[in-house]
Each structure stands twice: as structure tokens, then as C-alpha cells.
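The following pair of complexes shares a single chain, chain A, combined with chain B in the former and chain C in the latter.
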Partner chain A sequence: MTKEEIGTSVSKFISKTFLFDETKKVGENVSLLGTGVIDSTGVLELISFLESTFSVKFADNELVGDNFDSIDKIQNFMHEKLSRRNN
Partner chain B sequence: MTISHYLTASAKKYPDKEALICGKKKFTYRTLNDAMMSLAGFLVANGLNKEDRVAVFLDNSYEAVVSVFGILQAGGTLVLIHPSTPAERMGYILQNCEPRFLVAPSSRFSQIVDAEKVCTTIPTHIYTGNDDIPISAFRFDVACKTKPINDKNIVSDEDLAVIVYTSGSTGKPKGVMLTHRNFDVVTDAVSEYLENTSDDIILDFLPLSITYGLLQLLVTFRTGGTLVLEKGFGFPYEIIKRIKEEKITGFAGAPTVYSIITHLNLESETFPSLRYITNAAAAMPYSFIPKLRKIFPTTKIYLMHGLTECLRTTYLPPEEIETRPTSVGRGMKYVQLSVEDENGNRLTSGQVGELCVRGPNIMRGYWNDPDTTAKVLRQDKNTGEIVLRSGDLFTVNDEGYFYFVSRMDDIIKSRGRKVSPVEVEDVIYLCEEVLEVRVIGIPDTLLGQAVKAEIVLKKGATITADQIKAECKKRLEDFQIPQKIEFVQSLPKTAGGKIKRTN
Partner chain C sequence: MCGIAGRINLSTNLEPPSIELLQKMVGAIRHRGPDEYGYYRDAHAGLVHARLSIIDLTTGQQPLSSEDETLWIVFNGEIFNYIELRNELKAYGHRFRTQSDTEVVVHAYEQWGDDCFRRFNGQWALALWDSQQKKLTLCRDRVGVRPLFVCERDNSVWFASEIKAIFADSSILRKISPQGLDQVFTYWGTVAPTSIFTGIEEIQPGAVRIYEFGRKRVDKIYWQPSFPNISEKDNLKPNKVNLHEAVEVLSDKLMNATKLRMLRSDVPVGSYLSGGLDSSLVAWMGRRAKEGEFRTFSIRFADAEFDETEYQRKMASTLDSKHEEITVTGKDIAGIFPDVVYHTERPILRTAPAPLFLLSKLVRDSGFKAVLTGEGADEMLAGYDIFREAKIRRFMANDPGSKIRPKLFDRLYPYLARSPQQTKGMAIEFWKRGLDLVNSPSFSHDPRWNTTSSLKKFFSDEVQQQLKSRPGHDILSDLPQGFSLWDPLARAQYLEIITLFSGYLISSQGDRMLMANSVEGRFPFLDADVMEYCNNLPPEYKLIGLNEKHVLKLAAKGKVPEEILKRKKQPYRAPDAISFVSEDAPEYVGEMFSERLLHTGGLFNPKTARLLYEKCREVVRTGKTVLSNNDNMGIVGILSAQLLFFKYIYDISNTKSGDIVFTTKIDRISNTL
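On to the complex of A and B.
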């Protein structure tokens, strides 16, 4: 799966779940937490979506803002994680 | 003591001590004091008069902290607006309090323009961040390098310090007016019972736009401690890491936060630095306490009660939590509490009545709303003293311990925030397809209460739950949007045809 495909899938989930409208887009570099797009319970929903969609498990130390606080960060982190798994 | 004096006094005493940590950036008391004085100088030089409102639409950040103190030092009144507030609600707030200035991130420019469409007067904009800004606006970093305000203290304890907008049962946000004195007595009492000192390193992940979050900042700066400011509790393991890295001695949370903490895998972790944790905003479920004890065996747990209109009322001494886990404790210093019936008669032990508050922590009233103020602030029929009717049902026992029963009206407390059912219903009713709607709170272990909308559709009409949520998203804050939507055939009504809140 390419980085862009991951980004599209995450972006769609965020629009549907947190903006309740798939046609609306959150900027790729926008801080999801800082701008209130998601809150602490929203993060749990996001993590569970990523785990089930991409069949991965996250270690506790991976669950940090550097990996998940924007669509850009999520797609980079997920791409790297999936590449590691496939190699 | 006025609020900005906390920073001035600590800057004199501990100029080179770390006062604020935001991510990797650290700021000393001297740096913050200089920025505060310059921002205050800028505001006054640009026409700010005493008690003029200044709206702050920022997330938890260095800029938000400097704004809080700079505005107050200049004699202004702070209006803190949560960063997730949608344009329509923000527009209502701006139109209601008519701020002279608005401090906001340049990246939110288009939302601000949207919000201001309903405003009769447009505030002067001060922007943080690097995006392009209109020529009429100012940059925050430039304002913070202006000639400082002179030292002459123009602010008094009785001046209006903060207006906090909170959901009301009438549906529209109400502006709670709090003075410097309100905060001063509360921060004094709170720092005394939490035993705060300059050695404390306090973690604050609650938004500064709510009083519980703001009080963390004020108590820390009053006592010369260090505040570690986070943008939220979104990444719990990151917060746990911060507690260990920064050797955090105390933090404040709500049941939603503690619910998440008790579900984390923390068996191999220890928290030797953590002196205390506090709970407010909603009652802590009893079942959480033994779980938290296991995670934080050497940490004191404080259960407290408060409401925006008087900031804080009670705390339970932590050594009593095992014997009285369902109590929020006794009235704190300066505050007199009683449980009264609707006519102001004090009720005796065990009788359920409304918690009434007397003392210097009581708000001045609701901004521009004398009618609602008169309903909530009444005169004691014997002493003439001002009494705040809290709207919370309580019992008190013979020893003076208070027990929360429920809200008197139907305000839903979800994610530690207040949701007015009427406000949500008003938005859902905007959908043409909806015939009747009732919004209620239902128990939820994570959220405290979840918001549920029960909807009767017009005959033959179709609309999905997601479409209704999308409509809500346009006009409401996230915490107000129903988590559950159920389509029903009918709703129970009173004889007068009013939809009943309970079945």
C-alpha cells in the first residue's frame, strides 16, 4: 500500500467520524488535537480504526503525537510500520 | 491580590526559574513577565480601557499564557474561547461580549471572518503564527516586543477578570463574570489544601478556556512552581511519559481522563514524583478509586466539586477517600455551603436540596443577562447576603460532608463539559425531516454521560443519523454532538403537550 493510499483512507475516516461529512477535508499538516478535530476519546477511535484496517498492533511507546497528530504524521508512520512488517 | 501579580511576584522571587514548559520549549518567569508587560503595553497603547474585553481563541500554548497575564495586567477582561468552538457559536460569543481585541492563530483566519459576520463591531485582530494576515491586524510576537506598560497598578481586586461562556438551560451560552478577587480567594484556598509550593511541577492538559484548566496555571504561578502545558489528553502514553520525564508532582483530571488511565497497561510503571491528582467537573465513579490506588499507590487523590459560577466549593481530604468515597468533602476555606429548599430554608441531614454558596468566590453575574443572574444570585432572606443557587442537588450529613445527587435541570455532563439539551435540540430541529426530538444524557463509563438524541421523523421523511450529526457539527462543539441517535415512533409528553425529559 502506498503512502498516499494510507493517507486517503485515514483522511476519509477522520472526515466521516469526526466531521460527519466525507466531503470535508482536514489539512494534512493540521494538528488534530490542537485544533480540536479529535479529543482523547477520538484518539482511541482513531487507533482502533488503524489497528483493524491495517491489521497492526501498536506498542504503548508508539502512541504519541509525533506519530498520530496529523494526517501527514499518520501516513508516514503507518507507511514505515507496514514496510517494516512486509520486509 | 490581582491575577497578574502572581507572575510579577514570582518573577521577582525566582526570575531564572522555569515557569512554563510547552513541548520542548521552556520559559523562565523573567521571560514571561517581560512578554506580559510588553503585551499589556501594546494593548493600552492601542486603546484598551479598563474591563474592555479581549477574546483569546488559542490552544494551550506559550502565547495563550502570555495573553492571559498580559490582558489582565493591562486591566482588560479575558474571554477564553475553546479552539474547537465552531464559527456560529463563536459569532454569538463575540457579538454578546463585544471584545476590543481578538487574539487567534493566523491559520484560523477564515473561521474568524465567518464568525464575525454576525458582529456589529469587529475587534482588532492580533495573530499568532506565520500565515499571511490582513494589513489592519497585528502580529502577536511584535506586540510582545512593544514598550512595556508602566508599573503603576491600574487594576483592583474587584475588577472583572474573566468571562467564561458556559451552556445554559435556556440554550444560549451564558457569560459567567469572574473578578480578580474570585480567583484570588480560590487559588489561595486550593494551593493551601493541595499544599502547593515552588517545588511543584504541575501538568495541565485541560484547556485553559475552562476554569478547571485555567486554575492549574494560576495556582502554579501563584506558588512559583513550574507548569508543564499540554494540548490535551489525546495521547495518554505520551502524558504518562511526560509525568515521568518532567517529574510531575500533580495534575488535574476528570472522570473521562481517569477512565482512560485505568485502562492503560501501566503495571510496570511507577510514579514516585507524583504527589497528588485531583478530580472535578463530574463525580468520580466509585469503581475508579481502587484502580487508581493500584496505579498511583503513593499519590494523594483529591475529590472536589465546583461550578464555573464560583470556581470551587468543596474538597475531600485524601485520607478520607476510603471511608467516604462518594462524598466530595466539606466546604473549602472562605466558602459557606448549605443545602436549601426552593424557599431558602436550610435542610437538615440527609434531605435532598439545592447546594447554596456564600462567599467571596461567587461570580458577579452573567454578562448582559440580569434576568438569569437574578434567578441564580439571590439575597439571603435573613442576612441580605448574596447566595448563589448552584443548580446542583446535594445532601449534607451531620459532620458537614457533602454528597452530590444530580443536576437540578437536565444539563448533560459529557467529557467533563456541560451540554444543554435544548441547545442540541434546537440544532436538530433545523433539519426539515425532524418532527420531534428529545436530547438526554445516558450513563457512559468513558464519557460520564453520552449525549443521546431520540428523534421522531415527519411522515414519509428520511434522513440518516450521520446526516443529523453533520448538521450538528456545523453549529455545535464536538462534545455537544450526540453519540447516539435513535429514531422512535413517539416521545412521552406532559398534559400540556411538552416533551418529558424522563419516561
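On to the complex of A and C.
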């Protein structure tokens, strides 16, 4: 799966789940927690989505803002994680 | 709203039911309908009806028949869409003699047979006797708002709104069923068709049961909670309905449901106010549905831990309603509890029904016969903690060793964040149990059911032996087709609806407490159209993150004050065991927990049950610690089961035949003999 494909599906999920509107988009570099798109319990929703959609599990040390706070960050982190798994 | 009962013979060589029996049966449930009594009798059947007049005050007497007088009905409840159905049936050529919804049921049955029930939007329990076909049809509404029990023996069938009317026939066996007891101490209530008495069955919600001369009985399910299938990929598909549209449609449907319940009544309808979102919104809608004075009723608690007065009054003032309150203490609860159990007819693990018994009395004393309540919203739109707990536990199951994931419980239960590390660790360990069973159908409910089941250690050896040879019915063995394809939230909702909701909330805490004082509850969230719509909404509209009833909160914006919208959900609870183990508890409690009466009841181990009672008394007396959740449930559960035994089995003089005078008498015995 390419980085762009990952980004697109994450972006779609965020629009649908947190904006309740598939036509609206969140900027790729926008802080999801900082702008209130996702609240602290919404992280549960996001992580569960990533774990089930990409069949991965996150360890505690991966569950940090640096990895999940924007679509860009998620895209990079997920791409790296999936590449590592595939290699 | 009413009470119904009867006895039918399924072969020709049996004596018809006597008038005296019919009097006794209706006498036992006279609280459900104190306005009028009526009976129908032929060579094989006797039907009785106790009436609480709410619709068609002048001509709605029952039993009522088809035009040719072959089909007879006794009916308890309301069909809210009866006017629409009546018009439809008129177009088919049906002619009506009364203005009542009951007559619509008869004609609908003639027109559509058993299929008529799925067309009804309402709350009902009914019996239809086809005197030509010799066929009895029993039916209950979708979620079991109205009760209906049945007993079969020696080719006869007894049925009634409440079991006490069946027990009015002294020939019926009275025995607590170990399987029923097992269910109460698992699911918090019995799950139909199991009841708490051996040989008595409860008709399932959403089901029809048919008895016919010379044929095997037939059970048909015409409705059950059903949810859309999901696949992992659905995460990325656009939702069929967007949230803003869902908010509007839900508001409209709820308003329509509330209007039907306010306007389709020939007596005024008031509203309960709990201080929470659901009843506040329903009351707001009720207020707008009808011109004129609006009445609201609330329970206050002397104990601040349970009290919600501030929010109730806030809402009452928003509505400008004439508001009445009753203040309830632990002592009141203990005092009234034996009567409460007489009406619930099953053991209960919480005292929460007791204040509602007192509240319906306040309503009745104020001259009201019908009230709206917010019941059902938490089940249909995922308001309960159990749904949020399950979501966190599912999240934890992906990495059971995680130290971070359980921190979400701090959000759910803020007291945990403030708790000492050790207590917190224990709580987390508790929720971690069974994480490997994430694919089990009961994953959401396992913690509750396992915790509650631990109380079975108090069962007597005899009960435990009986359960070994014949275990209680496991509801997981008859889940609907496709259950495993539903979203995990939907699965949890289904289990909640069929266990706690139908088996406890809407019965022990609902119909029984209302009808004990002849008051009819009306529940807009249980409207057929509203339930169907809610069940088909995307799960994230109900529970997003840990934010419950999301779509409903949006629908209530601008209607319900912000303070109520924003407050943390407070589950409705009342002082539990403390009412029974404090110094000033009534004498009967000590008697029920005496080894002698525990032994007579035969349900619990006299020694261990007594020890629990003494331990709790000690805890309260010294005030060093607080009663644990399990000890609370143990005390209330054992006490209520003991009371049930002594009220219904030990002391059979309880059945009041009374001075019933029938005003509607249809007797066909002289014609048929």
C-alpha cells in the first residue's frame, strides 16, 4: 500500500467519523488533538480503526502524539510500520 | 391500560372455568384496572378484563368481539396507530361499533391474521379467543412493555398479565424455579420464556403464541431487535445518512412518537422528569404536543449521592410545568420493599424500583392515569456505561499488556484517576479479565454477568444440585441469525435489550411499579418507528469515542438546558442494601435473614446468607468501610427472593378474590350446554 493510499483512507475515516461529513477534509498537517477534531477519547476510535483496517497492533511506546496527531504523521508512521512488517 | 386473564380448555371433556375462578383471577390484578371488570365465558373458555379507562371512556368495555361474535378479545395496552389502522380497515369493508383501539385489533386480526401484529405501533399484551376454531392467540409488544404469563397443564391453559392471577387458581403448583433464580442472579432478571416460577412461562416480547384444539402449540417471533451487518471495509464507506440529517429525522420521529402518546388518550398525560437528558427531551416534546397545563413528576432523594433535584427543577422551570416531587429516604425504601416485590413478582438486585412505586402513587394521587417517560433511550442510543466499558475492553484486547490503553477508564470513571494506585490496579485487573474472549458474543456483558453470577455461591445445596442436573437457559444459544455480523456495539445493545431491559427495567422498574398504582407509562423511545430508525443508525452516531448518545444530544440542543446536556450521565440509582442493614431497618429484614426462615425458603444457604447479612450490618455500624457492589446486590437479591417465597408460596392466603362485581357479562354457557 502506498503512502498516498494510506493517507487517503485515514483522511476519509477522519472526515466520516469525527466531522460526520465525508465531503469535508482536514488539512494534512493540522493537529487533530490541538484543534479538537479528535478528543482524548476519540483517539480510541482512531487507533481501533488503524489496527483493524491495516491488521496491525501498536505497542505502548508507539501510542504517542508524534505518530498520530495529524494525517501526515499517521501516514508516515503507518507507512513505515507496514513496510517494516512487509520486509 | 388494564389487566387481562383467563383459562382455556384444549379438549372438550373439561369443565368450563367457573365464575368464581374468573372473579378471583381478575381480583388478583385489580390494581391494573380498577375502573370496570368484565368477563366472557363459553363451554371451553373464560376471559376476564380489569379496565383502566384511558381511550374511549364510554364504549371501550371488554371483553369485546368481532361483528359475528365468534372472536373475543381481552387486551391490555395501547395501539397508538389505531386511527390509521381503523381507516385502512374501513376501506376493506370493516364496520366499527366503538371508538376503541381494542376493536381495531379484532378487525386487524380478522383481516391479516397473525401478520397484523407487526403493523401495530404500541405497547400491548392480548388474548384472542376464536370460539369457532377453538384457538387462543396470545401476543406481546416488541420489547415487552406489557407483561403476559401462561401456564399449561392437563390440557388447559391459564394466562394473565401477572402471575398472581394464575396463582388465584389454587390448583396451580407454586414453586420457585431454580432456572429462573439462576437467570436473575446472572442477567438481573428472568429472560422470557423463563419465569421465576416452575411451570409458568412468560410470553416472549415480539412473539405470538397459539394454542388450538388438537394441535401442538406454536410460537412465532414477529419482531426482534435487528441491526445492519458490517464489514471491516464499511469503515471507509460513506454513511448512508449524514449526521445532520440523522439529527433532524430522529427529532421528527421522536416528536411524532411523543405526539401520538400525548394526543391519543382521553385523559390528560403528564411526564416524569429524572433530571437526565432522555426524560427532559421527552417532556419538552410532550409540552409542545398539546396546549394547556403540563404536569411533571420527580423523585428526590434525601441522600445527596442519588439526588438530581437541581436538574429536575431546572427542566420543570424551562417547561413552565406544574411540577410535583416526592422525597425518598432509605427508610421509605425498606418500608415499601415487601409491596414492591409483591408487584415485581421476581427477585431484584437493586432497590431502584421502590422509589418509582412511590412516584406512581404521587401521580395517581394527583389525579393522573398516564405519564411519559424517557425509558429506552439508553438502550436504543447506547447511553450506558456497559457500552463504553466494552469499547475500552475491546481496545485493550488488541494489546492486553498495554499500560496506556486502560487509562481510558480514568475518563469513564473519574474517581479512578483519584484512587490510590492499588485500587486502580485492582479495577484494571478486573476489566482485563476475559480479554482473550474478544470474539465471544457476550464479550460486552461478561464482566457484569460474571460478577453477578458470583452471588450464586449463596444458593442452597438443593438449588445448586437442581441447577447441575438442569442448568438455566443460556440465552447465547438462541441469538438471532446474523448476530455475529453486527457491529460490536449493536451486539451489546441486543443483549442489553433482551436481558436487563425487558427482564428488569421495563418490567420490574417500569410496568409493575406504574400499574401497582394504576398508572400507565408511555415511552416515546420505544415507538416502533423510533426503535427501527435508531437500530439502523451508524454506531458512531450513538457512541463516538466515549461520548454516549451523540445524535440525541445534538437533537436536544436548544430544547434542553445546557446544564442537563453537558452533565455527566448519572445512572438512576437508589440507596440499596444500606436501607436494610442499618440500625433502624424494619424488623422483617432480620426475620427474612434468620437461619430459620432462610431454611424454610430453601433457596439460599442459611449459614452463608446470614453471614453476609451480619457482615453488612457490621460494615454499616462501624462505618469503617463501605458496602461493596456485590454485597449490595447480595442483600437485595436474597431479601427479595425470600419475600417472594413467603408472599407467593408460603402464604397462599395472599390471593385476594375480593368483591369483584362484573359490569360486562357475556356468558354463553346456557347456550352451549
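Descriptive notes on the structure:
Quick note on the criterion: the second predicted complex is superposed on the first by the 87 of 87 C-alpha atoms of A that agree within 3 Å, B and C clash if a C-alpha of one lies under 4 Å from a C-alpha of the other, contacts with A are read in each partner's own complex, and residues count from 1 in each chain.
The working rule: a contact is a pair of C-beta atoms (placed from the backbone, for glycine too) under 8 Å apart; a residue touches a chain by one contact, two chains touch by 3 or more.
These numbers come from a predicted model, not from an experiment.
In the superposition on chain A, A:K12 makes contact with chain C only, not with chain B. In the superposed model, A:S83 makes contact with neither chain B nor chain C.
Touch criterion met: A:G34 reaches chain B, while chain C stays clear of it. By the document's definition of touching, of the two partners only chain C reaches A:E45; chain B does not.
When the two structures are aligned on the shared chain, A:G65 is found in touch with chain B, with no touch to chain C. In the superposition on chain A, A:D21 contacts both chain B and chain C. In the superposition on the C-alpha atoms of chain A, the part of chain A touched by chain B in one complex and by chain C in the other spans residues 16, 18, 20-21, 38-44, 60, 63. The part of chain B that touches chain A in the complex is made up of residues 59, 82-84, 107-108, 231-238, 241, 256-257, 260, 264-265, 415, 446-447, 466, 469-470, 472-473, 477-479, 481.
Chain A makes touch with chain B in their complex at residues 16, 18-21, 30-44, 60-61, 63-65, 68-69. On chain C, the positions that touch chain A within their shared complex are 232, 235-236, 238-239, 242-244, 391-392, 394-395, 398-399, 402-405, 408, 411, 540-541, 544-547. Contacts from chain A toward chain C in the complex involve residues 9, 12-13, 16-18, 20-22, 38-45, 47-49, 51-53, 57-60, 63.
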